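Following are the structures in question.
What follows is chain A paired twice: with chain B in the first complex and chain C in the second.
What follows is the complex of A and B.
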């Protein structure tokens, strides 16, 4: 009997307990509430029904696809530019000294503080959204690439110098392979920032399909069910992207001793 | 020439380029203006932005808005970081709590603050409480996680010594856990504070009658790009200053640590 109890309360089972309680409270709390009230709107059943409705009508996929497309394009633009700038700063000490501090300073601008400026420069439509996402991805990628290249140990650099490696060979065989752990950190942070920026851009800039749009529509119509669906999708996708990069990290860095 | 500078290892020579970099930015900015690549009402010349900055400073509008944003950050950050500290500490000291609520926290943490905003608006309206709750929510997680991390990493042998001396719970926290976890907690606090500053601007974009985000959004609607640019620069400078200040504090309190990277 005792061992049974222990198994039931094993690490994972115990963590699930509060979730079950919350779910039960969620289901029970709605009873007796007036139809159309906020609680009724956000009940577990309403969320489920709306979810099925939106999936059937294709509305959910349309919004989801739009957000995914934005994060991919924005990250591709900002992330690749960030990697290039990070490499440049890592290779050239002078570029580093001149532009490194500038980059650190500009990074401190709150990303959503750029929304009004980008809105004026690019209009409130799609290009401003992509610009915001690209900027969000740019900084983590640039800073982590920079750090990775800068921290390549001096002995490797000396060997490369000894063999009179050209720039290409230095990058290909010394700098980039040694910067992989940092690059992956940049990828992880850059993707998660880009994802936040996608949702923010969709909320703040002109409405167009996207998960932010689903959230905004839910807010305007007091449809808690739509908001909850949006939150679950945004959170779940962020988690999945993070998990994917972590899996990539495990695979690429499997040579490392005690990498967990 | 460049070698001569590089060879002199004075602090001044080392910091000279970093001191130069803002001027380079302004120089490039002015150059682009001079080349007339963009109309001046789209890319406002630096001197004009500076003029706007001075006049906003002069009539008190800028300071008033910064003050409003700062008040929100302080209230939200204090609530969120305080709760984070308490939760992280409790979960670190009582592993049973972590086993029970760890998963829930991990799940909640996956949702970026910006996605919570619409729900909070529906529940609380777009007033002051919504803004403070968004900030508190965002400040909570970094502090809770880094506190938990710090408490968990208290070396085993120190805990044994504390047990040997029969420290009571309060002494244990004050004499051992808090000092040992402090560097980690401070890192969390720095992250939380800079995140709070980032979020207040976003929260004010939803709707506000004061604050730096409101000033920028209003200026955008009025097509006053100079005011928007002043706002961007000011938020950046404030964020930078907060980060640097807390880095100093962090360094000060973790100077006893043997090797930190």
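What follows is the complex of A and C.
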């Protein structure tokens, strides 16, 4: 087990290598740059210094917290509604026939294409941002839950029929466990989409604290360091969310041969 | 059948009376299975394809009946009808005097593939069989552990199905089917997917469980030797459409000796039934 752990660790560590190369290229490319060039003020050191300054002044946390809060609230709304709708469509073929096509149709609309409409309905402020995040989280959760519940094999359905499972036991022993891998995919995609949507919403809609705001401020002030800092934070958080769901996956899917 | 016109007229006004003959045994442990004139066909390309034709079969309480036939003879279909998983057929299937109207905990079924839920442990899988029945947790736990011991899986309670061998998973499936103490256990080629050595061993285990539990068993197999070794009676099915061509009384007390020359004779007798028709797997 110990050696296995070591191999896993070194394999994970391999992913850091390109990052180091990227960092090196960055440092070299910025050095000796002409003033006014694209990466001016964007050296690794400048980004680090700005980061420290912004942390000290509390500005960074204020913006980061605002984005994170929007994702949490938006995901809680959209994700749970999506899971419920997906479950309903997965259990009831009647509901599936009725609402399935509509869901598929709406899903084809790029989320930011709905910004004008959401703006009209919710204004350009906080509720519109939350609505956009919720919508972004809704579809991956709904579709993946639906898929996971629906694709239960006929063999397991027969076992459920044989032992006369009611709805509760069908959900508990068959439908939900069968849907877990799909649910986790939905969770990964939903969080990722919600995170993308929050930054987009902050850029498109009325300015308010948020990482999108930090990026926008950097553009207005010709501060490449602030923009790069924002990008690194957005990317890093997205990566962390994915890693957290992967850890959850490892635990929940321990019954699978390749997970234990 | 001395059925007068008057009787037919009377019963036609009260059709429910014909469903439960007064003389039928009603008490649980004397439940007899009667399959009467059953016909079943599937629709393939909108054309009916007969799979079972005029099946008549009685299994007395506590009897071990084996059904042997080549693939495509409808033997699995017959078990599914008895289990109540498929209700579209002509004819009558009575269990304990009542028509089979769907699955019931009185009738257990073991599939060829174990069909344990991969996300539940062995113990949880067996306990799941109680889902539709109110039972206090202590009795449930006791029954589950009892049946785990019965099939020789002590120590594997917390293993997931993928962590045990195919033979062990099939034992767990047998425990799950028996844990509700059904009156009849239907076995659909339960040993079809295990290796030859495990198969011989599990045949003896099945015989032991049958003797220990006194439950009626109907086992479908394509292995003639298995059929004569385990069955009190062997029913030979011929394919396309599935129909009974011969019923053989084995008449040797159980447990039996595999080397018993009488078994060999019966095997030959049954084999000759098949010689003129489709090929059959008669190895082992």
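Note that the second predicted complex is superposed on the first by the 219 of 260 C-alpha atoms of A that agree within 3 Å, B and C clash if a C-alpha of one lies under 4 Å from a C-alpha of the other, contacts with A are read in each partner's own complex, and residues count from 1 in each chain.
As a working rule, contacts are C-beta pairs under 8 Å (C-beta built on N, C-alpha and C of every residue); 3 or more make two chains touch, one makes a residue touch a chain.
This one's a predicted model, so the numbers in the text were calculated from it and none came from an experiment.
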First (chain B), second (chain C), both or neither touched by A:165: second
Partner with the higher number of touched chain A residues, chain C or chain B: B
Touching partner for A:113 - first (chain B), second (chain C), both, neither: first
Touching partner for A:210 - first (chain B), second (chain C), both, neither: neither
Contacts of A:155 with chain B and chain C, given as first, second, both or neither: second
Residues of chain A touching chain C in the complex: 155-156, 158-159, 161-166, 169, 173-174, 177-178, 180, 254-257, 260
Residue ranges of chain C in contact with chain A within the complex: 83, 85, 103-105, 109, 111, 113, 115, 117-120, 128-129, 131-132, 160, 162-163
Touching residues (chain side chain B, partner chain A) in the complex: 2, 6, 17-18, 20-22, 24-25, 42, 96, 99-104, 107, 110-119, 121-123, 194, 197-202, 205-206, 212-213, 216-217, 219-220, 223, 225, 228-229, 231-232, 235-237, 239-240, 243
Residue ranges of chain A touching chain B (in the complex, touch as defined): 11-12, 14-19, 22, 38, 93-94, 97-102, 104-106, 108-117, 119-121, 192, 195-196, 199-200, 203-204, 211, 215-216, 218-219, 222, 224, 227-228, 230-231, 234-236, 238-239
